[in-house]
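Chain lettering (A, B, C and D) follows the sequence in which the chains are written, and residue indices restart at 1 in each chain.
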Amino acid sequence: MKLFEYRGKQLFQKYGISIPKGTVIEYEGDHSNLFFPCVLKAQVPVGGRGKAGGIQLAQTREVAKEKLAGIFQMKIGGFQVKKVLAEEKIGVKKELYLSYTLDRSRRMPLLMMSGKGGMDIESVADNLIFKEWINPLIGIQRFHIRGILAKLELEKDEEKKIAPIVLKLYKLFREYDCELVEINPLVISGDEQVIALDAKVIVNDDALYRHPDLVAEHQELTMLEKEAKEKGIAFIQLEGNIGVIANGAGLTMATLDALTHYKGKGGVFLDLGGTDDPEKVKQAFELMKKAKPKVILLNLFGGITKCDTVAKGVSTVISKEGIDCPVISRIKGCNEEIAKDILKDAGLITAGSLQDAAKRSSDLAGW
Amino acid sequence: MSIFVDTNTKVVVQGATGHQGQFHIGEMLNFGTKVVAGVTPGKQGEEVHGVPIFNTVQEAVMETDANTSLVLVPARFSKDAVFEALDAGITTLVVITENIPFHDAMEFVHYAMYKGAVVIGPNCPGIASPGKKAKVGILPSGIFVKGHVGVASRSGTLTYEIVNSLSERGIGQSTCVGLGGDPIIGTTFIDALNAFEQDTETKAVVLVGEIGGTAEEDAAEHITQHIRKPVFAFIAGRTAPPGKRMGHAGAIIARGKGTAKSKIKAFEKAGVKLASFPTEIADLVEKYG
Amino acid sequence: MKLFEYRGKQLFQKYGISIPKGTVIEYEGDHSNLFFPCVLKAQVPVGGRGKAGGIQLAQTREVAKEKLAGIFQMKIGGFQVKKVLAEEKIGVKKELYLSYTLDRSRRMPLLMMSGKGGMDIESVADNLIFKEWINPLIGIQRFHIRGILAKLELEKDEEKKIAPIVLKLYKLFREYDCELVEINPLVISGDEQVIALDAKVIVNDDALYRHPDLVAEHQELTMLEKEAKEKGIAFIQLEGNIGVIANGAGLTMATLDALTHYKGKGGVFLDLGGTDDPEKVKQAFELMKKAKPKVILLNLFGGITKCDTVAKGVSTVISKEGIDCPVISRIKGCNEEIAKDILKDAGLITAGSLQDAAKRSSDLAGW
Amino acid sequence: MSIFVDTNTKVVVQGATGHQGQFHIGEMLNFGTKVVAGVTPGKQGEEVHGVPIFNTVQEAVMETDANTSLVLVPARFSKDAVFEALDAGITTLVVITENIPFHDAMEFVHYAMYKGAVVIGPNCPGIASPGKKAKVGILPSGIFVKGHVGVASRSGTLTYEIVNSLSERGIGQSTCVGLGGDPIIGTTFIDALNAFEQDTETKAVVLVGEIGGTAEEDAAEHITQHIRKPVFAFIAGRTAPPGKRMGHAGAIIARGKGTAKSKIKAFEKAGVKLASFPTEIADLVEKYG
């Protein structure tokens, strides 16, 4: 779960990492706590808001009102701005980059720092990004911090002030089960304070149960994706118009890929996973219908999930509610024949192979 | 031979008396696997399909010489279960459970290294060697045929599909190992490749990859340097947009890393033959010989 | 550092482990907080106080006054009673044993529990003591607790109440850098509460700097040993009358052993360690004089510690303050000849071998 | 051969620029040891006896291929120093520092196992192999003579005395290793015995034990089962009373365990020849041949 900047900063504060003085504006007319000058920052779960005009400076209340009105109108990366963070303006002496992520290859937290803060880290040259791997059996140690800070060519005094931040951020990262915590930029201010100007915090969804203080918000999801998440269904909305249902994430992805091969474009990714519960299949299919795809492609390989279970779930929905788009199915594996019969009875088109099914779906969708 | 499991594999199932545990103990026994014990705290003395249940892994190991554990316990108890198995002397662990917090997985993966043990998973379907009649996991038994292709995969069903299409063509498998769909897993493509390279029974290797992380890129580099056996691959997720988790926690293009394009390019450079559709793997292997 | 029972129990309380209601009596006339009936427990840093009469029940204030007067007169295991803990009497249903120690062979904390609480654990049969080793890389886990409790044949309900105590005691053990924490007995009371009736806590001296809340008291040391500790000298008072100075703990012990071989008896163990500082040698020798041994045996093997440095330190003290007991020295190693000359000038007897020196010291001490 | 150190040993000294560090770098160089680097944070670029100083062990290892570390840093920084060395790829660590908290030592000893590294100490004088001109530690150089007796000891000076008396009789040493006087140490008598048993240069082993713990009893049992070379021993502390720490943190009879009597009995049962006085070890070894 990606936290909004202001929520991430609340966690920073909890761990003793300094942040700019600020206030969260919940709606356009909420000006009471404003101070001037201030920086108005749109709270959206995506990057690039600066370029999109989501960050603006206001010197007076007049200007702030006008700018807030504008920002609350914005959609950035597809997300309507619903909250704005107003912060004091910090005089910047140096900008640094500081983050912890997971290194999947080494199976360890990775600490990264750079003297080039304030820009997209992917655009910073590799030799200007310094790395320390934190073995999970020992956690962060003084030598990690000492080692990475020595490479940043800071003043001794700056090192002393930054070292505790590096330590505290690791604690936050570990204790809140984060996938990512990033401060970009971490600034040394004109008056020699070390302040986190931005906050990017992504908490591992699977560990949210350990953090009841974090209300699951999932700002980055669409309405249907949120509904699916609540129901425990892997459901993702994409740009295209063909809805794909399959069992297993890999198989679902492979089905989407097959569509692309035939110039079709997936609009929904719906993975039934390992369920063999007709009720869950029914819920999933209903969700698919709500996404209003032009064609639905059902691709099953039956194992633990039996083909007929899925077929029954699908046909129940169709017979009850009808369906206003063609459904192409490709069925293989456990109880394949029973399933095919059920689906034929429900009026579905059955294809012989994934290639065949993908081609027909793409043609029907007419992309 | 085979990899990670063989005729000496003696399985203890952690989380044996639940619905999943009972069902898969039966399936594994039918496959021919030596399932020697189950563990469910408080249920010592019970039996599942004739397999004795113990309170602790330590007691199970002492009584039955189990050396391999199948972990089926819920996500929030999995780290404890893996630690328990490792401290009891289990040397191969297959962790089926999904939704295990990543930090938990990192800890137990490294603790397993300390113990010199192999962890397969988490969030994986397990491992099966048809020739050795050893299956530790939840893979459907019917799809396997004994043979000489080694399969290592980050996905479940997709792999069944591929294995099934191999079997339908008469191309049998030495071992099929599901590595798991999480970003943090114990056994990587590189580990599986090394094991297959050593395995006299394996003549060719099939890798089933997907978007997210750099496991395929790492594997490609490793293949160039260390693997002499032919390698075939399929990569799922060519059309996945960045930032979306495609069903698996690990299948996500994050911060510009983990695209299918980069993986395909790396494999091509390493001389790995790539399939465009899952069942095309069987065509490629057949053509190869 | 061994904590007094009442101090250990304060730590238990801090970690949420229940203890009996109680009050510490600082001097004989301090009765104001007493309640009745109560158990009066002498606070001494050694075991066996029960048999010595250091634990007594008082039903009334009258009786308590009388018994307190008695207890404050006591010397138990050589230690004058200076504090008494008065506690409520707990109705006991079951007595358990619970401890964490260091397993030196496995280099891990060892958790031990037994259903036979309340007696000296060394007298409990091995098959009634259950053990779990806690790997320091992972710390305590649920399975350790589950595993050991399953062997104690408790009621389900009792297990549930005891499990958190086992966890909390580990936390105390680890966080306070303990060598030992022991609850014997841990009782299940008549009203089904789990209560620590006793508390034995030994904190690793070398980690005391991490625990500023624990004032270093070292109740178990003699006055001279405390003085030595403050000066950083390894000094132990023993039962005999020969003072042994050597450099290195092993060599000092071996010197004491050699005395015993010749029927002598060491009265002081003084290890100069690896120092090559004449001032420290002087301090050590002064300390030795304060212990008033009948004979002093100085055994040196010079390496990093040079023989002449020690000789100089010793002769300085003797020439300044004199010495009223014979000093036998045996010198070997770096700058041996210079040292022998210095010591001969100071009137010391030099022996050729450890055996010779030990024999002559023992004869002089006339044990 | 020799144990734990040899002609390939390249030493980095952690805590190189302090008084102790400077002195012992000189002594080790004089012994012939390859001291290739020193580490003191903030002193990169300096030199001690011509040995370059680095900020971190990682940089030292990258620049000099150091494989062995001598840890001389103060007790409260030692755990960090050991972790740093292990993560930098150091495979043999000699920890001289005393007064390291036991819990710190437990953690780094097990982390070293995870890394497959050898830790000698803490609270030890180090290790010396006169034949290989390799000394890592603070043992006095002058006492050693090249030869075939392996010495492993829990004490410092007492060992110098014993080694010196061997040398005076013309009995040389293959390797002399001080294991340390703390209750928690990385390398035990058993580890040293196994290494000496494998070492073709070692013909006999001398163990110098003391009261506290059961290291000698464990060793005795191990000797009976696995060690074929003759073993000689001296045990210090026969007259130590229970409950008193005899100078070393590890030399304490606690809870009825660790008496000299029990150790002597165990060694006698294992056929180990015991000396009553330190220098008597030389008599016993000489008599043996």
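Please note the rule applied: contacts are C-beta pairs under 8 Å (C-beta built on N, C-alpha and C of every residue); 3 or more make two chains touch, one makes a residue touch a chain.
Owing to the predicted nature of the structure, the values given are computational and were not obtained by experimental measurement.
K.L.:
Relative to chain A, which chain's C-alpha centre is the most remote?
P.N.:
In terms of C-alpha centroids, the chain at the greatest distance from chain A is C.
K.L.:
Could you see whether A-B or B-C has the larger number of C-beta contact pairs?
P.N.:
More contacting C-beta pairs are found at A-B.
K.L.:
Hey, how far is the Cα centre of chain C from the one of chain D, in Å?
P.N.:
27
K.L.:
Take the average of all CA coordinates in chain B, do the same for chain C, and state the distance between these two points in whole angstrom.
P.N.:
Each chain reduced to its C-alpha mean, chain B and chain C end up 53 Å apart.
K.L.:
Based only on mean CA positions, could you tell me how far chain A sits from chain C in angstrom?
P.N.:
57
K.L.:
I need the residues of chain B touching at least two other chains; which ones are they?
P.N.:
107, 110-111, 114 - these are the residues of chain B that touch more than one other chain.
K.L.:
Could you say which residues in chain C touch two or more other chains, in rising order?
P.N.:
135, 137 - these are the residues of chain C that touch more than one other chain.
K.L.:
Which of the residues in chain C come into contact with chain B in the complex?
P.N.:
133, 135, 137-138, 141-143, 146-147, 150
K.L.:
What residues on chain D touch chain C, complex-wise?
P.N.:
75-76, 99-107, 109-111, 114, 138-140, 142-143, 153-161, 164, 181, 183-185, 188, 208, 210-215, 218, 234, 236-241, 243-251, 255-256, 260, 276-279
K.L.:
With touch defined as at the start, can you tell me which chain D residues reach chain A in the complex?
P.N.:
Going by the criterion above, the answer is residues 41-42, 44, 55-58, 77, 79-81, 83-84, 87, 107, 111, 114.
K.L.:
Which bits of chain D are touching chain B when the two form their complex?
P.N.:
Chain D reaches chain B through residues 110, 113-114.
K.L.:
Okay, in this complex, where on chain A does chain B touch?
P.N.:
101-102, 104-105, 107-109, 121-122, 135-137, 174, 177, 179, 204-207, 209-210, 220, 234, 236, 238-239, 246-254, 256-261, 265-266, 269, 271, 273-274, 301, 303-305, 332-334, 353-355
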